[in-house]
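Here chain A shows up in two complexes: once beside chain B, once beside chain C.
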Partner chain A sequence: MKPIRCYLGVIWQILRKDIQVEWRGRQGLPVMLVFALMIVFLFNFALQLSPDLQASLTAGLLWVSLAFASTLGINRSISLERETNALDGLLLAPVDRSAIFFGKTLGNFCFTSLVGLVLLPIFSLFYQQNLLRLALILVMLLGLGAYTSLGTLLSALSIQTRTRDVLLPVLLYPLALPILIAAVEASRGVLSGRALGEMSSWMYLLLAGVILFNAAGLIFYETILEE
Partner chain B sequence: MPKKPSLLTFLDISALILIPVALVLIVFFTPVEAVMGSVQKVFYFHVSAAWAGMLSFILGAVAGAGYLTSRRISWDWLSAAAIEVGLVFAVIAILSGMIWARPIWNTWWVWDPRLTTTTIMALIYLAYFILRAGLTTPEARARLGGVYAILAVMTVPLTFFSIRLFRTIHPVVIATGGDGSAFNMTPRMLTALFVSLFVFSILLAALVWHRFRLAQWQNDLPQEVQ
Partner chain C sequence: MATETESLSTRIEIRGLVKRYHHQPVLNQITLTLNDGDFCILVGDNGAGKTTLLRILAGLVQPTQGEIAVGGSSLAVNPNLRRIIGYVGHQPMLYQDLTAQENLRHYARLYQIQDTESAVTHSMAGLGLTLQQDQPVRTFSRGMQQRLSLARALLHNPSILLFDEPYTGLDQDAAIFLDHTLRGLHTPGRTILLAAHRPQRLLTMASHIAWLRNGCISQHILVKNLHEAPQLSRYLQEEA
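Let's look at the complex of A and B:
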């Protein structure tokens, strides 16, 4: 029992550290949130949305702004470690490195989910549609779970390149595409009033993403960060 | 510089001979498709290129895993060679598909799920080379490239599953129907298709091998010119 508790303890310490850094600096979340909002407005002007078009595009817009904002947060989470050389400290710690992955992923997941939860009422207001539904929140959490675990994994790759964090979107967006497709389709289904059971294939796809990317993190994080 | 293996020479010559043979089969041997006409004949090389692309992406991931377990740099040469050649084949599949789509769908490009995801797959592997270019040591290129190649292949089934769920206008030629006739083609078309698949597999093996040998030579060069 002890190793497992120790492992979970490491995950919790990393998560706590990230929350503490965010709480004291308050630099990640506000940036993500404002960025997501700006995307909403940008799209409105760029696409010249008419009211009836808006309804069908809400799910897509929600996920595009979530995906962009999450990338910002994930990038910040890892570059913060890199800038302050905290990453070396983490790597020196005599703990399993996959625990670091799960801790970072959980941190990113918490922050992006928070951004998502704030975005939902804002979207409801702007697009005259009630987005605060339990089913949609469930879809969002599942989708973000898969997205942030893949993102956290890839951010450890991109941070080691010469271009640093610039590379993350290029690596992340194409690989995350099935997740985004599933999330958008499931969200659109929920918004058009269908039951969650009807979208079970999309939900399973999201769940498969969560499991697959976390398993990949468990296996590969150690290899990625070895130096 | 190692001598060129005779098996590779054999593959080269086989590909050189068999590609014209496949072309002759496609042009003269196969019947003209009833509805689409002769433009359908692009299908044989289109499917073969897609097949070769898929095959080499899988090979790239397997070789990546080979590097991660054995830490021998030659696995990475194979992985990068396979993915580079695979990318070329994927682009050929996309372009030949567009040539077919122009008269049949009346447009070069449709936002059809299969086209979109195939292009996304090409982008995934384009990103692979951007990643490699950003890494400074051959060891990091091999290690992170290997991880990325495996990750990329992992998402391919997810992508294909998401296409199945979407409605697609892409023809499903090889159906998984229960009536026993899995192929929606005449025997002659089938023969030409299998010959094309075989030829492209040989071409793929030859190209990957050549690219592998190039990586080997690059490795033998002094560090400054690499």
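Let's look at the complex of A and C:
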């Protein structure tokens, strides 16, 4: 029982540190939020869509905003560890390195979900649809769970290269495409009033993404971080 | 916390250590033994592989080949050995937005130190940081950051200490403070390996000196026997 408590303690400590750093620096969340809002405003004013078309595009636009904002957040999160080599400090500690992965993933997931929850009422306002639905929040959390775990894993890979700032999106977007498609389809279904059960295949794909990418982090994170 | 690692000897044995980056050998068949209580200065030109060797010993880099044993236990198969190793690198490994105290508290929790608060307070006091404990690290000078980095490395009372060019960028006062701290840290039962480009000031406190050249340890001798190694003496004079 004790090793599990220690393991969970490390995950919690890394999450707590990330929240503390964000609270002090306020450099990640505001940037993610402003970026996501810019996308909402720009698409709304630039496209001038009819209400019917707007309804069908809302899910796609929501996920474009979330994906771009998440990528910014994940990049910021790993840059924080690169600054003054704090990542080495984590690696020196006698802890299972997969716990570092889960701590970082959880931090990224919390920040991105917070941005998503702020975005939903704003989207509702601009796109004249009620997005504050439990089913949509569930889809969003599942989609972001898969996206942030994949992003956290790939950010550990990109941090070790000279092109680290551009490498993460280059790796992340193509690999996350199945997740993004599933998230858009499931969100579109929810917004068109279908029951979650009717979109079970998309929901299972999102769940599989969460499990697969977290399992990959559990197995490969240590190897990726070792030079 | 009483652990199996606490009773371990701090004897470090490096056998046939090789590290290659993109097929280029940086370390080539390093063999070196440091005994309990040794204070060894590692000298060598820039790019000789001092940092790589220290990072391998700290468990941050995996060797291509070879073995490292600490107290007879292999570093590769016993990650718990990280509990008895303290490492001070080029960078302070601190979060700039957090205060000094918050940084140490974070590391103390990662090392699962039972009385976190007392360990942090003791560590800060030991390095004269009590007055600055609530200041964000980004307001610290290089010397202060180095002190805090040292406090971080000493937090879990490690019996093996690895230093990578700790004097770099320090002013005279900070360097003198580091001298005093290193003298205090050199106790029986604690092994110190310190990489230095200009090691003259350390010769009075270290017990051994190792010369890393062309990826190998070309000499490893007692400091008091330095006169018997004219090549190394000449090298140290040139570097002075």
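Quick note on the criterion: the second predicted complex is superposed on the first by the 223 of 227 C-alpha atoms of A that agree within 3 Å, B and C clash if a C-alpha of one lies under 4 Å from a C-alpha of the other, contacts with A are read in each partner's own complex, and residues count from 1 in each chain.
One rule holds in what follows: a residue touches a chain if its C-beta (ideal position, glycine included) is under 8 Å from a C-beta of that chain, and two chains touch if they have at least 3 such contacts.
Just so we're clear, the structure is a prediction, and the values are computed from it rather than from any experiment.
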First, second, both or neither for A:Glu226, with chain B first and chain C second: both
Chain B versus chain C as contact partner of A:Thr84, first or second or both or neither: second
First (chain B), second (chain C), both or neither touched by A:Pro178: first
In the superposition, chain B vs chain C on chain A residues touched: B
Touching partner for A:Ile137 - first (chain B), second (chain C), both, neither: neither
Chain B versus chain C as contact partner of A:Gln160, first or second or both or neither: first
Contacts of A:Ile122 with chain B and chain C, given as first, second, both or neither: neither
First, second, both or neither for A:Leu212, with chain B first and chain C second: first
First, second, both or neither for A:Trp202, with chain B first and chain C second: first
On chain A, the residue positions that both chain B and chain C contact, one per complex: 226
Contact footprint of chain C on chain A as seen in their complex: 6, 9-10, 13, 17, 20-21, 24-25, 80, 83-86, 88-95, 226-227
Touch list for chain B against partner chain A, complex: 68, 117, 120-121, 123-124, 127, 130-131, 134-136, 140, 143-144, 147-148, 150-152, 154-155, 158-159, 161-162, 165-166
Of chain C, residues touching chain A in the complex: 55, 58-62, 79-83, 85, 87, 89-98, 102, 106-107, 109-112, 136, 152
Touch list for chain A against partner chain B, complex: 153-154, 157-158, 160-163, 167, 170-171, 174-175, 177-179, 181-182, 185, 201-202, 205, 208-209, 212, 216, 220, 223-224, 226
